[in-house]
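One chain, subunit A, links the two complexes that follow: it is found with subunit B in the first and with subunit C in the second.
Coming up: the complex of A and B.
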C-alpha cells in the first residue's frame, strides 16, 4: 500500500512539469489511514443523523416502521403546547446561562492566574465540579435545595422561611441554571487561563503607567485580548445550554417539573421518542428543530464576532 | 478533488451496512407450536433480580436443565432503570431474548408488534394452573389472546405514622378506612401542624382513579373515560388537600422514591407500601418503625390494587417448545412458592395463597402484613390499563398538576388528559 503512493506521486509531478498533461490521481493510502475514523463517524454520527432526518418525515414508532407523512410532524409541533414550553425553556436557558459562563470564568481565571503559594489548590478546587458526575452533582443539589434541605434550613433560621426551589417552575429552572453555571465554571476557566497566558505583560504595564486602574485595564487590555476566546466560550456554552438535559431532568424529574413546565426540548425528545410506545418520527422532528436552532446559534455568535472584527 | 471510485464504493458499503442490518431485523418469525421436543439453548431475561436472588435463579435454571436434558438456559439480568428502553432496543434490533420478564404495560406494545407469543394458542393447557384474574392480566384490549404467563403479584397496605396522628389530636388506633375519612384526617393534620405535615405525598395516578371507582376506559378498550363525574370529584378533593398543604407541596414533582423518603423523615404521615418496607423502616428509621401504623389500602370498589409481573415468550424464538416450557417452569406453583418464601411477593398460581405461609399468624408484623395482603389479593385488580403507556402517564400527571396549581379546573384538566391519552392510543396503532 505504501509503494503505490510513493510511486504515483513523483510520476504525476514529472508529467505535469514535462508534458503539461496533468493527470491527477489521489493516492489510496490516506483514505486507508482515515478509514477507521471515517467508519466510526459514518456509523455513529452520519448514519444516525441521516436516519433522524428521514424519520422526521415519517410516523415511525419504536416497534412499527411507519410511513412517510410529509410535514405532518412539523405541523403538529406548531400546535403542541409542550413543544413551545420546551422551546421557551431551552431559549431561557441560553439567555440565563451563556452571559454567566462567558463572564464568570474569566473573572475566576483572573483570580487564579496569579502565581501565589497555594493557588494550585484553588485551581483544582474550581475544576472539581467539571470532573464530577452530573448525576452525583444533580442529586447533591436536590438534597441541598429540597424543602427540608440545608439551604432551606438556613433560610428558615435567618427568618426568610422556606423557598420552593424544587416546586416552583421558575425557581426550578433558575436552580438548574445555577448548577450548569457552577459545573461549567472550571472548564471555561481553563480555556481563559490559556488565553490570558498569551496576553503580553507589557500591555498591562503600559496601561498602568498611563494611569489605568484595575477595572480599566480589565476593560481595555484583558477583554480585547481574550475577545476571540470569549466568542468561542459563548458559542460552546450556548450550544450546550440549548441542548440541556441532565441538570433539568435530575432536578425537575422525568416529567419536567410541575405540570411539565420546566421541560426542555431535549427532554421532550427523550420523553416522546423512547420506550416501547415511543413516537420516533415525532421525536426526530423535534431533534431536527434542535439541530437547526443550534446551528443558527453558532452562526449568530460567529457572525457577531466577524462584525466586530470589521 | 475527486474521490477514487474504490474509496467511494467502500464508503457507500460502510454506510449501507448498518442500514441493511436494520432492515433485516425482526421478520423471521418463529413457530407458535410449543408441542415439539424441549431442547436447545434459550436466553432468559429478568428485571433487576440478579443482585438479590442470584442463587435462587441459578438453582431454578439448573433444575430446568436437569428436568429437560439437552436444554441450556442463558440468564441475563437488566437493571430496573431503563428496562423498557432496553427491551425496545432489543425488540427493534431483533435481539429480544427468548423468555422475558415483563409487566402488562410492556407486553401490550410487544404483542401488537407481533413479538409476544399468544399463550392461549401455544400454552392453553397451563391456563387452569393460575388465578383467573392473574392469567387475564396479560390480555390486550382489541386483541385476542394472552401474551405472558403471570408470575408474582404484589400489593401492600397503607402505612401511617402514629405519632404524627397523635400530635394532631387524631386517634392513632383508628386510621381512615374510607376516602372521606382520609380527606378529613388529612385536612385536620395539615391544620394542626400549620401546614408542616402533609398526609399524602403523591398526586393521584391512574391507579388511584381506578380505586376511587372511576371508569378508566370504555368497555371496548378503545378510549379513556376517567374524566367522568367521579374522576372530577377525586381531583377536586385533591385540589382541596393541595391548597391546605395536606398534599405535600412537592407532590407535583414527586416520585415513589422521593415520597418514600418523605415518609421516612416524618414529613408525610401516610404512604402506600408493601411487606418489604417494614424491614426498611426498621433499618433506616427505627423511631418511625416504633410508631408505624398499618392499615388496608383505601378503595371505593372493595377491590385493592395489585401489581402483576409476567414472563413472556418471544414469538420469534427458534426454540418455542423450550421457551414455553421454561416460562411455565419459572411460574409454576412450586417455583413461585419457593420464590415467595425468599422475598415478600405473592404467587399467581391457583391455591398457592391458601398455603399456611399466607394464612397462619405468628405474631410478627411481617406475617400480619403478608396474611392481610394475600387475603386481599384474592379479588385484587390491576387497575392500570395495559394500554396506558409512559407517555400517557406523563400526560395525566401534567394535567393533574395544572388542576392542583389552579391553572385549569379539575374538569378541564381531566378532559385534556383524556383527549391527549386517546390521541396517543390511536397513534399506538
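Coming up: the complex of A and C.
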C-alpha cells in the first residue's frame, strides 16, 4: 500500500506545477464514480457483516425479528455437540490442507519453471482444475472415489483391494482435503511462478558452484527467496480452508454424513440459518466464531513470519 | 510422441556446445539429458493426475447404457461412444435452462463488475475529493470480510428487498466486487499521470479523460476482471444454493447438485451434466489463458 500512495504523488505535484488554469471539475462527479461500488459493497457486504454481529446476540429467526438475548447463543454453542464437531473438522481441514498447499504448488512451480518444449501446455493443463466449478470437481471426485469408481478399480487391479473413501468419516474428510488441494494446486503454482521469476539466477549458480545439490539449493536458495510468497499462500489457503463448505457438502451430503460427523462450521451456518425456520441469530453466532478464527489465523501466519525474521 | 520428438530436437538446437552431452536452456544454463527426461516423466505424471479426472468423466459420459462403467481393471475409453446421456440428462433436469440461467447470471456479473469497478477504481486513483481515503478504506474492509460468514445476513437482506429466489438476487451481492475495484484502482495508479495531465490542460473533462485516455490503457486489467467475474458467477455454489429455492430458477451448479442428490445412482447422467458445466469454462480458459494467469498474480499480490 505504501507504494500506491507514493504513486499518487505526481497528481499532487501537478497542482504545484501550476498549469495556470482553474480546476473545473464538477464537485459531485467523484462521488458519482464511486457511488455504484459503494452502494453494492455497503448494502450487500458491510451491512450484512454488521447485521451478523448484531444478530449473534439475538434469537432472530427467518420469519421472526427476535429480541436481544445477550450471550445466550454463545453459551448454547459451548454445549452444542454439533458446533464442536464443526469446529474440529474445520480446524483439521486447515491443518491438513495448508502444509500441502504451501509446499506442493512450490514444487510444481519448480517443475514447470524451466522453459523446455511444451511447458506452456503443461502449465495450462495443471491449471484446469482451478477453472472448473467446485461442484463439478466435487462430483468428479465423488465418482472417482466411489465404492465402484475408478480409484477403487485401480486399487483392486493392483491387489490393494477396495477402500471406502466416502463411507468412513475420517477417510471422507481426508478425501475432501485431497480434493481441495487438487483444485488449488494450479492456482498457487502460478503465484509461486511469479515469485520464482524474481529469484536472482546468480544465487542458484553460486550455490551450484559451491557444490550444493538440488535439495540443498531448494532449502538454502529457493525457500528463503520465496518465503514471503509462502507466507502469503499460507495465509490465503488457511483462511480458505477454515471456511470450507462445498467439497464436504458434496462428498458427505448436506447433513455431513449419517450423524453429521463430517459437518464443517460453514455447513453448520448454512444448515442452521436457512429455510423458513432458520435460526438466524444462532447461525450468526457461529459466523462470529468463523470471523474470529479467520482473523486469528491471519495474525498467526503473519506472526510466524515475523518470528522467523528475528 | 511429439514430446519425445521435441526432447530430441532440443539438443540439436543448441549449437554452442555440440560436443558436450548437454543442452542449455534459454538462459544458457546447462540441462542434463537425464534430468530433462525425468522432468517430462514427472510432468506427464502430474498431467495424468490433474487432467485425468476430467477425461475419465468425459469418458463416463460417453458410455452407453449397456456398457459396464464399473469394470475392474477399468476401461478408459467408451466401447461405443454415444451422446445418449446428454439427451437423457436434458430429459431428467432442464439442464439447458439451467445453463441459460448461469449464462445470464455470469454475463450480468461481468457487465456490472467491469463498469462498477472501473468507475470506482478511477475515482480512488485519480479524482481528488474529500473522503477518498475513507472510500478506499471501505473497499479494503469489504474485501476482507469473509463472504461465507455473512451469507445468512445477506439472505435476510435479500428477503427484505424481496429479491430472494430471483436471479437478480444471485447477482447482486457480488456485482461490484471490492477486490475488482482495488484492482482497477491499482491499474489506474500505474498509468503515467502526465498523459491525463496533458489532456486536462487541453481542457478534457473528467469523463473524457476517463473514457478516452485512462480506460483504453487498462484494457488488460479490465479483461482480468471480466474473466474472473464470469468464472466466479458461473462456478459459484454456496450463495445460489442459499438464495434460490425454486427449481425453475436454478443455475447449473445448483442443478447439478440436485441431479446428484436425486439420481446419484446413474453416474453417466451426472457425468454428462458436469461436462456440460465445465466445457464452456475450459474453452474460455483455452482461449484466454494469459488473462487467467495474470489475474492470479494481480489478485494475490496486489489485492
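Following the convention adopted for this analysis, the second predicted complex is superposed on the first by the 274 of 310 C-alpha atoms of A that agree within 3 Å, B and C clash if a C-alpha of one lies under 4 Å from a C-alpha of the other, contacts with A are read in each partner's own complex, and residues count from 1 in each chain.
Operating definition for what follows: a residue touches a chain if its C-beta (ideal position, glycine included) is under 8 Å from a C-beta of that chain, and two chains touch if they have at least 3 such contacts.
Just so it is clear, the structure is predicted and the values come from calculations on it, not from any experiment.
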Superposed partners subunit B and subunit C on subunit A - clash or fit: clash
Touching partner for A:167 - first (subunit B), second (subunit C), both, neither: first
First (subunit B), second (subunit C), both or neither touched by A:252: first
Partner chain in contact with A:46 - subunit B first, subunit C second, else both or neither: both
First, second, both or neither for A:277, with subunit B first and subunit C second: first
Contacts of A:31 with subunit B and subunit C, given as first, second, both or neither: both
First, second, both or neither for A:62, with subunit B first and subunit C second: both
Partner chain(s) touched by A:74 [first = subunit B, second = subunit C, both, neither]: neither
First, second, both or neither for A:218, with subunit B first and subunit C second: neither
Between subunit B and subunit C, more extensive residue contact with subunit A: C
Segment of subunit C intruding into subunit B (one of 112-120, 184-192 or 256-264): 256-264
Overlap of the subunit B and subunit C footprints on subunit A, listed as residue numbers: 25-26, 31, 38, 42-43, 46-47, 62, 146, 148, 253-254, 274, 278
Complex contacts: residues of subunit A adjacent to subunit B: 25-26, 28, 31, 35, 38-39, 42-43, 46-47, 59, 61-64, 146-148, 164, 166-167, 172, 252-255, 257-260, 271-272, 274-279
Partner subunit A, residues of subunit B touching it in the complex: 1-4, 6-7, 10-11, 14-15, 18-19, 84-85, 87-88, 91-92, 106, 109-110, 112-113, 115, 249-250, 252-255, 265, 267, 389-391, 394, 397-399, 401-402, 405, 407, 424, 427-429
For the subunit A and subunit C complex, residues of the former touching the latter: 4, 7-8, 10-11, 14, 19, 21, 24-27, 29-34, 36-38, 40-49, 51-52, 55, 62, 108, 111-112, 114-119, 122-129, 131-136, 139-144, 146, 148-150, 152-154, 156-157, 182, 185-187, 190-191, 194, 201, 205, 232, 236, 239, 243, 245-246, 250, 253-254, 266, 269-270, 273-274, 278, 280, 283-284, 287-288, 290-291, 294
Contact set on subunit C toward subunit A in their complex: 2-3, 6-7, 9-10, 25-27, 29, 31, 36, 39-40, 42-43, 46-47, 49-51, 53-54, 56-57, 60, 70-74, 115-117, 119-120, 122-129, 132, 135, 138-139, 141-142, 145-157, 159, 172-176, 178, 181, 185-186, 189-190, 193-194, 197, 200-201, 205-207, 210, 231, 234-238, 241-242, 252-253, 256-257, 260-261, 267, 270-271, 273-274, 277-278, 281-282, 284-286, 289, 292-293, 296-297, 300-301
